[in-house]
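The block underneath contains the structure these notes are about, expressed in structure tokens.
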Amino acid sequence: ADPIFVGHLVDYTGPTSDVGKPYGQGVADALAWINKNGGIAGQPLKFETVDYSYNAPRAIATYKKWVGTDKAVAVQGWGTADTEALVGFVANDKVPNFSASYSGHLTDAAGKGPKGTKPAPYNFFYGPSYTDGCRALVQWAAADAKKKNVDKPKFVHLGDNHPYPNAPKEGCAAYATEMGFQVMPPIQYSLKPGDFKAQCLSLKDSGAHYAFLANTGGSTISLLKSCDTVGVSTQFLANVWGMDENALRGAGDSADGVMFVVGGADWKSDAAGMKTVREISKVSDASGSEYRPVHYMRGICSAFYMRDAMVAAARMSGGVNGPNIKAAMEQFKNHVPAELQGVCIPSTWTAEDHRGTTKVFIYRANSKGGQQSISMAGEAEIPRKPEWLGW
Amino acid sequence: MQSETTPILQARDISLRFGGVQALTEVGFEVRPGELFSIIGPNGAGKTSMLNCISGRYSPTSGSVLFKGRDITRLTPNQRATLGLGRTFQNLALFGHMSVLDNIMVGRHHLLKNNFLTGGLYWFGGAQREELEHRRHVEDIIDFLEISHIRKSVAGTLSYGLRKRVELARAIAVRPDLILLDEPMAGMNLEEKEDMARYIVDLNEEWGMTVIMIEHDMGVVMDISHRVIVLDFGRKIADGLPAEIMDNEHVKRAYLGVDDDEAA
Amino acid sequence: MPEAVLEHPEPVDAGPKPAAKPPILTVNNIEVVYDDVILVLRGVSLSVPEGEIVALLGPNGAGKSTTLKAISGLLRTENGEVTRGNVNFMGEEIANLAPEEIVRRGIFQVMEGRRIIEDMTVIENLRLGAYTRRDNGVKRDLDMVFDFFPRLRERTGLAGYLSGGEQQMLAISRALMARPKMILLDEPSMGLSPLLVKEVFDIIRQLNRELGITMLLVEQNARMALKASSYGYIMESGKIVLDGAQQDLINNEDVKEFYLGGGGSERKSFKNLKSYKRRKRWL
Amino acid sequence: MAGPSASLIPCGQYKTDYRRDSTIFPTPMSRGFAIAAVLLLCLAPLKIGGTELLSPYQLNMLIQIGYYGIAALGLNILVGFTGQISLGHAAFFGFGAFASAWLSNSLGVPVFWAIPLAGLLTTLVGMLFGLPAARIKGLYLAIATFAAQFILEDFFSRADWFTGGSAGTIAQPFSIFGYELSGDRHFFYVVLAYVVVLYLFGANLLRTRDGRAFVAVRDHYLSAEIMGINLTRYRVLSFGIAAFYAGVGGALFGHYLSFVSAESFTILLSIQFLGMIIIGGLGSVMGTLMGTAFMVLLPEAVQAMSQSVGNVFPALTEGLAFLKEGAIGLAIVLFLIFEPDGLAHRWKMIKAYWKLYPFSY
Amino acid sequence: MNTDLLTQLLVNGVIIGTLYGVVAMCFVLIYKSTQIVNFAQGEFLLIGAWTCWWLLTSMEVPFWLGFPLTLAFMAVFGVLLQVIVLRPLIGEPIISVIMVTVGLSIFFQAMMKWMFGVWAKPFPEVFGTKSINVLGLNVQTPYILSMGVSLVIMVGFAWFFKFSRFGLAMRATAFNQQVAQSLGISVKSVFAMAWAISAVVSALAGVVVGMVNGVSQALSFFGIKVFPAVILGGLDSIIGAIVGGLIIGVLENLAEFVDSQYLNWGNLYSVAPFYALIVILMVKPYGLFGTKQIERI
């Protein structure tokens, strides 16, 4: 049978390559594994992995080529900037884009959200949206503040001026205000690692109790180190791409106590589906000894939801094509790919609401004198408020 | 050459300082139209500085320069060129990567009307016609200076003597009424000096240009100039006919050396 | 170059001449090519006896400076190359040595156009002249140089602001600071006032006499150059076309006509050259 | 004593009038060659008997060479001809892209007009940033343009009304008389037309008064001024012209990609532009196009090569992306070590060699 | 006005500024002697820091040995780089050479990423006390040390260029290579020396920053910061490089102050130096200390 073409965008060398590498590897390994295990109802997947260095225009150019030349039926995407830029294109071309951008804007499938986001009918992602992740951390912070008897705690958003860090900025700030926080003016720090002592001094001066780090791990390391140097005592909260095992290692003790969002199982988990994950991991690591950071698992989930939708689409008239994949996705209710029980959070998509899951795991980074670990600190279920759709 | 017309150039009490160096001190002189006027003087006397004040490279600390009766002390060098002032340089200042032809065409700059728009549209805005027309003038100059064989050579690869000649050609192309020549014969052998002298005389007599020349070769200066001034330590120490200058004791001491004129 | 009329069909034999004293430098039939294609020297040979001044004359573009640069090794920075022949200095082949090696061996070139370092002071320029020296006579030599050129002592600013003549003096002084065995002088009188030309030539002779420095002198001022030197070469279009001892050259009719001015009799005036064109060449 | 350039005109080719002597193309042959090349390119997007002459991929490369080549020619006029190094060319390229998108999105200007208008707007910005050239020279100026790059990049990411902020903006497809030319096959002709017109314009400009003034300013600005050239005017003008070319190139880029965002216009692209003209040959019009082709095709070639390397040494796949990046850097270094005067120079040497063959010495 | 924050930011500016100054000096050194604008200056820091990191962690060499080894390696590296890559370019147009350093910068960045990964790695603890308090700001010991070292290097450089024979030779080479050669200066060794010194001192700075912030790709951004610094100071002035570095460091932090207290733009910090750069150049076209180019005809 003809192979089904899937475009796979990754950032292995650009500013988000720190987290792009494990996630992209997860997707690639999963797709390879799927092919080895029967493909899509007998049809193999053909996928091309393109490293676009987090340069949105390059992603667009690549996308155009996939659609024009390779007749791609779906795309496994990466960044917020490119995914949001592609929203109109994928809707026109009817090519579902399974992005690694969990920007809330992408969840408003029909454009009915109250914030006037443009409709994103062909955008899907697996995992809690950035805003929901941030909301979960705000919930945790509220409880923490109560415990510490802080009245009217101060909350601040830190991130680059870039679609990805900007995505949860307003929604989460609104929620924080609602939760009784005093929201300080956001502080900007580059997605590229650097020296951020000046920003840390501003942060320190602002007296913020809780700071949400919206960048990725690499720059977060720099920030944590810089803030440690100037003696900032703020409690840091990190977005889903902002902290992981690698970042923890890089930041050392300055990362101790950082709370962060996780959207699936971690490598140490003993969930049933981890057996499959470990097999998938062997695709690129025959020895099976490599440790996979949290993003790897989400990459696998993303690929598997797409596979399940394709399998369902194969049974529809027209076979595996964009509209059928979309339709199949929108029929999933609390769905978990069969092989990945306990790894992926059960997810639901509807024609209007592409918030797959609103459940958020909150982890804590621990680092004391060379002993490092991450541990689950709780989970939150963010309500699916209609007024939060697309926000 | 003793006509009573107004001087084409008047330098009035020009003084020039650079930090601690007083390069010129109240130097004044007049050049009449049609004259071949020489400035001589020891090295460092301020001759080049004087030319720089006239052509606008330096602005004098005090004093003024009048060209055709008009005060040009405040004008920029490029404005002076359009008034009809051309010059050559002591240390070669050609456009090294351009062809000889283009170098000379640059001299026509202020006479040409085409600009980047009409130039870019070449065939449509009259630029072509204009370029070709001026090319004809330039070819006349090339013929006159006998450099037609190197027309297309890149200026920077020419030998010293030829470069000097191209520089002269470029200055002529400006179509100046007054041309300033800074040591046009330095670094040339006798034969080339003779050629150069011939060009300068022709320029003066046949093309009707007024010439101010700085030159160290006394033979040339004495033979071809109408009038000579001598600068020493930034001051004018003599002004007169060549023969008078040669006999001036002060000049002999400061400039020529006490012996004969063998050095020439 | 002006078109040439062949009048001397036989090129003058330009092989190295046995000289009175043993040659310190011999150049053997060298060929120089610029940019891999432009052939400039077409088999030049000459020799310079120790302790003497030898003049190298010729019209513009003949290849005089190129010859000097071929000896001092500075050709390569201009993308030129000695493609044939050899250069021998004090019994050693130096054609392929780096310029700094050649300076170390005692040949110092004073380049055409002065080439002093404009953004340094006079003293710094002079100290650089002594760069290859390791002895501690530099201070003393500074004084010596200032005795030769007293006016340099007073110029304490940047060399770039010196007048042309002052720069030329500085360039020669800088060569002296290296205490070379041989100096290659490229047009030292260019742009100098008559008084200074005399001065410079006096100094050249004095340096030769008192310090015993051998000189190869390229000049346009043939009269002065021949007066100062014991032997001369005349070069045209990349070839040596005539050579001989000082007196022979001074008395040679062609040399008189083309280089010294006036075929034996009177000096003609520059004024009356109008239609007078000579186009005679050795070739 | 014929200089090297004189020898490039083949023997037996005597100019009979000045007009013939001052054409862009030194021989009728080279002119015919150029015309043939353009005609051939016109065929490129066609399908003959159902098979494409060029794959979409190859066509895409050509289009890239086109719009980058236009911008690069502008830079060459600024750097190669006027001698002012600019490290901010990408910002002007970007400005053109944003301006054209903005004109068509917000003001409803048809794309056909938006492109040249964007070029003009960019000219203004270019002259504004070129103003320091009146006072600053050489590397100081180069680094002032470096500052312009960062200042404009910052502007792009915060001027929401104009650029869509850090998220970028959509650009309309090209259309003429209501007929949309959006696919690569159509757009190719748009780019080709711009390349031909702007390259001819550039070549003409450079052989006339203002072009000579540029080179004069570069080679010896002091004497240029004394020859009657207004230095400030030409320094700023050349920034303006460079910006115009960049603006048009950028506008074409934007409408081709249909999306514009600040990330495309970083200092890296500025440097790549410089690479194009240096590799092509400073001060060479045709060299610019060759250099652009080199810089566009290099990453593709490296990509293809690294893929095969990856197949042979699977252990290397891990670092393949970095190897690729490194190879691009290395290729630039090696190229310049072995061919420091650029492709145009090499091309000349090859031509000279064949003309003089077998007397190539 | 929040004077407390202001003081702290200013102290931070001075500290980071001296580092900029040191790197700028290395840049000026190469520029002064070879007329090459080195776009790979930032990568020198990167390579130096990674080498030291590798020696200390993977090879488990003690610091007192690993550090000098790093410097020695960098000296060799600088010389090799010059000999292999830049020497063939002697006499080529300066802009081609600049482009080569850009190529080198791309190449080294990629290689470093390949060899050491994209993640920042913490530097092993070297000093017992981590930081001391200056005007309410915790300052890391290596930074304090770096200020001391910087000062020594600065004085040394100034002396070197003004008085030493080799320093003069470097300046002569910068003026004109042919002239320098005619004076018996080995242009090759001058170049090699300049690159070696520059590489060593940059590596030193790289190690210092690495100790504080961890070693990562981020170090190469010093290579960008160096431009405003050297231009402010004047491309060919060692003193200027230091002053320029300090000004940029302080300016960035001042900008952060104004931004966080009043404007809330978010990134004035990173663009302010560039605005300042243009303004200063308009007033002083050769920077604060740069030598004016001699314009005589």
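First chain written, first letter: the chains are A, B, C, D and E, and each begins at residue 1.
Throughout what follows, a residue touches a chain if its C-beta (ideal position, glycine included) is under 8 Å from a C-beta of that chain, and two chains touch if they have at least 3 such contacts.
Treat the numbers as computed from the prediction; the structure is a model and nothing was measured.
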Fewest touch steps from subunit B to subunit C?
-> 1
Within the chain touch network, how many edges lie on the shortest path between subunit D and subunit E?
-> 1
Please work out which of C-E and B-D is bridged by more C-beta pairs in contact, and write that pair.
-> B-D
Using mean CA coordinates as chain centres, what's the subunit C-subunit D distance in Å?
-> 47
The distance between the C-alpha centres of subunit A and subunit E, rounded to whole Å, is 38
Could you give the separation in Å between the centres of subunit A and subunit D, each centre being the mean of its C-alpha atoms?
-> 39
Between the Cα centroids of subunit A and subunit B the separation in whole angstrom comes to 75
Which subunit C residues sit where two or more other chains touch them?
-> 1, 38, 61, 161
Tell me, which residues of subunit B touch at least two other chains?
-> 48, 57, 89-91, 93, 149, 157-159
Multi-chain contacts in subunit D, i.e. residues touching at least two other chains, fall at 1, 4, 158, 222-223, 322, 325
Within the complex, subunit B is touched by subunit D residues 1-6, 9, 18-19, 22, 201-202, 204-205, 207-213, 215-216, 218-220, 222-231, 237, 241, 283
Which of the residues in subunit A end up touching subunit D in this complex?
-> 12-13, 51, 54-58, 60-61, 64-65, 68-69, 81, 84-85, 88-89, 161-163, 166
What residues of subunit D sit close enough to touch subunit A in their complex?
-> 55-57, 60, 157-158, 165-168, 170, 183-184, 257-261, 263-264, 321-322, 325
Footprint of subunit C on subunit E - complex, ascending | 90-91, 165, 168-169, 171-172, 175-179, 181-188, 291, 294, 296
The answer for subunit E against subunit A in the complex is residues 2, 4-5, 8-9, 12-13, 16, 110, 113, 118-122, 131, 137-138, 140, 209, 212-214, 216-218, 221, 252-253, 256-257, 259-260, 264, 266-267, 269-270
